[in-house]
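Shared between the two complexes below is chain A, which pairs with chain B and chain C, respectively.
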Partner chain A sequence: MLKVIQLDKTYGSNKHSLKNVNFTAQPGEVTAIIGPSGAGKTTILRSINQLIRDDSGQILLDGQDIRQANKAGLRKIRHHIGMIFQNYNLISPLTALENVLHGRLGAKSTVAGMLGLYSNEEKTEALELLDEVGLKEYAYQRCDQLSGGQQQRVGIARALMQHPKMILCDEPIASLDPKSTKIVMDILRRLAKDKQLIILINLHQVDIAMEYADHVVGINSGAIVFEGATKTVDDDVLQKIYRQTDDAKTVVSANEN
Partner chain B sequence: MIENSQPKPKTIQPVAPQTKHVSLVTRPRKILRGVLAGLAIITIYSLATLNNGNLVFADAFKSLGVNLNAMFLHPGVGQDTFGQLLRALVTSVSLAMLTTLLGAVIAFFIAVGAARNLAPSWLATTIKAVMAFIRAIPTILWVLIYSVVMGLGASAAVVGLTFHSVAYLVKAYSESIEETSQDTIEALKASGVGFWPIVFQAILPSIVPALLSWTFIRFEINFANAVAVGAAAGADDIGYFLFMAGSFYFNFHEVGLIVYLLLAVAIVLELVSMKLRGHYLKHN
Partner chain C sequence: MKTSFQSPQQFFRQRRLRLSVVLIILIGIYVTSMALVNFQTWTSIAKIPAGLIWLFHNFIPTERSISYLGPILYQLWRTLLVSISSTIVASLFALIFAILGAKTTTPSPVFRIVIRFGASLLRNIPVVAWAMILLFSFKQSDFTGFLALFFMTLGYLTRAFTETIEDLDAEKLQALQAVGANYFQCVFCGVLPEAASTLTSWVLYMIENNLRDATLVGLLTGTGVGFLFDYYFKSFRYDAAGLIVLLIAILVILLELTSTQIRRAIA
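Right after this comes the complex of A and B.
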């Protein structure tokens, strides 16, 4: 279970980006963080694996505070947290298979990692994972020759290769067409159920969150304004999350179309 | 873009609105014209007052013609056999290859420290400054400097050539490294991958085409340098033979042959580099 307690983050001197953020995310569930752009969704996600250092609070993954870990400890924790990105962030001249294998680099010694020495089991597993996301026949294709949706699925397979407890997804479908969106979201939901993963997704599309999430965290201007089961999200809640700031207006109207 | 380009002319001609005079050319271009005119005057003056040591230009051009004819229309071996020349040529190519490879490996590791997206900025700045200093001094001087320490010969040539290659390649490599996307680096960092595995598994594969291309350009430079350095450092390579044939034995037939041999190598290098670049461009 992921438990975020009283997380505060200030960029620079006085830009208060996260204010006393508290929420939990359970294994086996898709948890969606929704809110207008600039609300702090990315900041939360990147605080969880400490890509950005927060100011104060606790981030407990199965009871262990990620913020208290030393450098080596943090690397070990990060290895069990997969992350997928809006822009996929694959090494594009490499093949899908090579990118998936990168998910194991964090578990290797420096030398084995530098040389990219993978065991036969690891290679087999990578192929199986590509199969699992429906890309078996693309294993030896360079990633820059794949479509956006396919690249995102390679990204998911790479995250799975880490044997993660949790996968953080920052706007994973923002660059995808509706068909690829469905494929990717279906995979993420299936992974949460089948592998009992914590799937934490930043989304700005409310409808997608409603369709796929079990649990919703609503954020506005760096503060959590709602947390609860997806079926308890009603118009009042959405009003509160997308409260009329200038940023919020554009997002809401974009979603209405 | 458009907004950026607008204010610039203003800063060049700040007092323009007051006078009615309209100039067609900008200040920098006026300066350029002035400099060119100055150079032309100096050239004419020096030619007119040149101490030509009783040289008769007609005769001089005639003997130049004779020598060029001997060199390029009648190339041949002189006191050295063709085999000796070929062996010397191989020495030059090997010298260039060795120094380029050594330089490339050393330069890659230093370039990691000189890349702003990987190293702390004080380190990157320091390394870049030192490398710029080394580059500013020509290769041949480095060879001579090292030959003071190590004695004239092949080792001074190797060390001097490598030294300058490193400085050159560090600049090229570190700039290539800086072009790799921060996001892909971060993706691996987020999964707990350490620094060196990221360098070799993420950055290196992304910049292989650029690295190859720069390394090959440096190989061509090093071949030319190896010839020049051979003459100076007595490294028994083709440059040394060229120097002896031209300035010692005055055998212009052999000079011509050597020049043709060098030309052949240069053409082969150019062809290989075009192939290589074509190959990697196709795949990127």
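Right after this comes the complex of A and C.
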């Protein structure tokens, strides 16, 4: 279980700051964080694996506080937290297989990682994971030759290579067409159920959150304004999450149509 | 602040006006500087045809020049090797400095400042000055030429490599950090593969560039094809000197064509 307690982060400008953020995310569930642009969704996600250093609070993953870890400890924790991104962030001149193998870097010695010395088991597993996301025949293709949806699936396979307890998804479908969106979201939901992973997703699209999430966290101006089961989200809740922003108007009218 | 809306006619009139002002300033600068150095544009232009005729008459290689082909090709070969080896060695050092000095990969801002300053110093001393300075310490030898090219290339490539690395998408490196990769793993598994094709392009460009510069350096250090040019020139064998110029041009073009092919293959 992931438990975020009283997380605070202040930037020079008020944008992206976090104020007393509390929420939980359960294994086996898809948890969606929704809210207007600039509300701090990305800041929350990146605080969890400490790509962004927050100011104060606690982030407990299975009872262990990530914020207290030293450098080596943090590396070990990160190894068990997968992350996928809006822009996929694969190393594009390398093949899909090599990118998936990068998921092992956190567990390897410095030199073995630098030189890309992977064991036969690791190579076989990487190929199996590509098969699992339906990309086995693309294993030896350069990632910049893959479509957006395919690259995102390579990203998911890289995350799975980490044997993760949790996968953080930072706007994973914002650059994808509807068909790829469905493929990627279906995979994420299946992973939550089958492997009992914590799937934590930042989303812009409310309808996707409603369709796929079990649990919704609503954020506005860096503060949590809603947390609860997806079925308890109604128009009033959405109004509260998206209040006073241009985004809110678009979303609400889109829902009405 | 909201001003009254501009009509498109007004917008383009203003843009034309601005362009004309810039043009007038440029012409003004030219006229003033020509006047200051007593350069008479028209009389100089009038002298060009006569100059060209003399040049073609004397520098066009004849059958007689073929006898010089052996020594010229031998020296050209040596010059090519010196420029390639100096570029390769310099690029290895430049890569290390660039990784230590680039904003995204520097271990400490102190490295960044020192390396930037050092590279700028190396780069801004012209290669000719390097050759003359090093001539006193290392005498007339291929090694002096090698060093002169090495220092200039090191300065130039460190800067180019640093900018290449800084232009990489920092998020991609963050993704590797998120996986749990440490600094060296991020550099070897992320930075190097991402930057490899651009870095190679720079190295190929520098080899071309250094072949041209090596000729000039050779003039000063008394080695390679540059020395041979100087020797033929001063002994009035202009046709042989002309042959050297021709061969250098051919070699540079061949080098350019090859590196274009290589670049296309690795892109």
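Just so it is clear, the second predicted complex is superposed on the first by the 241 of 257 C-alpha atoms of A that agree within 3 Å, B and C clash if a C-alpha of one lies under 4 Å from a C-alpha of the other, contacts with A are read in each partner's own complex, and residues count from 1 in each chain.
Criterion: a residue touches a chain if its C-beta (ideal position, glycine included) is under 8 Å from a C-beta of that chain, and two chains touch if they have at least 3 such contacts.
Worth saying up front: this structure is predicted, and the values here are computed from it rather than measured.
> Following the overlay on chain A, give me a clash-or-fit verdict for chain B and chain C.
Superposition result for chain B and chain C: clash.
> Based on the superposed arrangement, let me know which partner A:124 touches: chain B (first), chain C (second), both, or neither?
The answer is neither, since A:124 touches no partner chain.
> Touch test for A:20: chain B only (first), chain C only (second), both, or neither?
A:20 sits against neither chain B nor chain C.
> By the touch definition at the top of the document, which applies to A:64: first (chain B), second (chain C), both, or neither?
Neither partner.
> Between chain B (first) and chain C (second), which does A:147 come into contact with in this model arrangement: first, second, both, or neither?
neither
> Just to be sure I read the superposition right, which of the two partners does A:239 touch: chain B = first, chain C = second, or both, or neither?
So A:239 meets neither chain B nor chain C here.
> Running through the overlay: 4-12, 40-48 or 256-264 are the candidate stretches of chain C; which one clashes with chain B?
Of the stretches 4-12, 40-48 or 256-264 of chain C, only 256-264 runs into chain B after superposition.
> Would you mind listing the overlap between the chain B footprint and the chain C footprint on chain A?
Chain A residues touching both partners: 49, 51, 75-79, 81-83, 85, 87, 89-94, 102-103, 105-108, 110, 113-116, 158, 162.
> Within the complex, which stretch of chain A touches chain B?
49, 51, 74-79, 81-83, 85, 87, 89-94, 98, 102-103, 105-108, 110, 113-116, 142, 158-159, 162
> Would you pull the chain A residues touching chain C in the complex into a rising list?
Counting only chain A, the residues touching chain C are 49, 51, 75-79, 81-83, 85, 87, 89-94, 102-103, 105-108, 110, 113-116, 158, 162, 168.
> Of all residues in chain B, which touch chain A in the complex?
For chain B paired with chain A, touching residues are 181, 183-184, 186-194, 196-197, 199-202, 205-206, 208, 283-284.
> What does chain C use to touch chain A in their complex?
Against chain A, chain C makes touches at 169, 171-172, 174-182, 184-185, 187-190, 193-194, 196-197.
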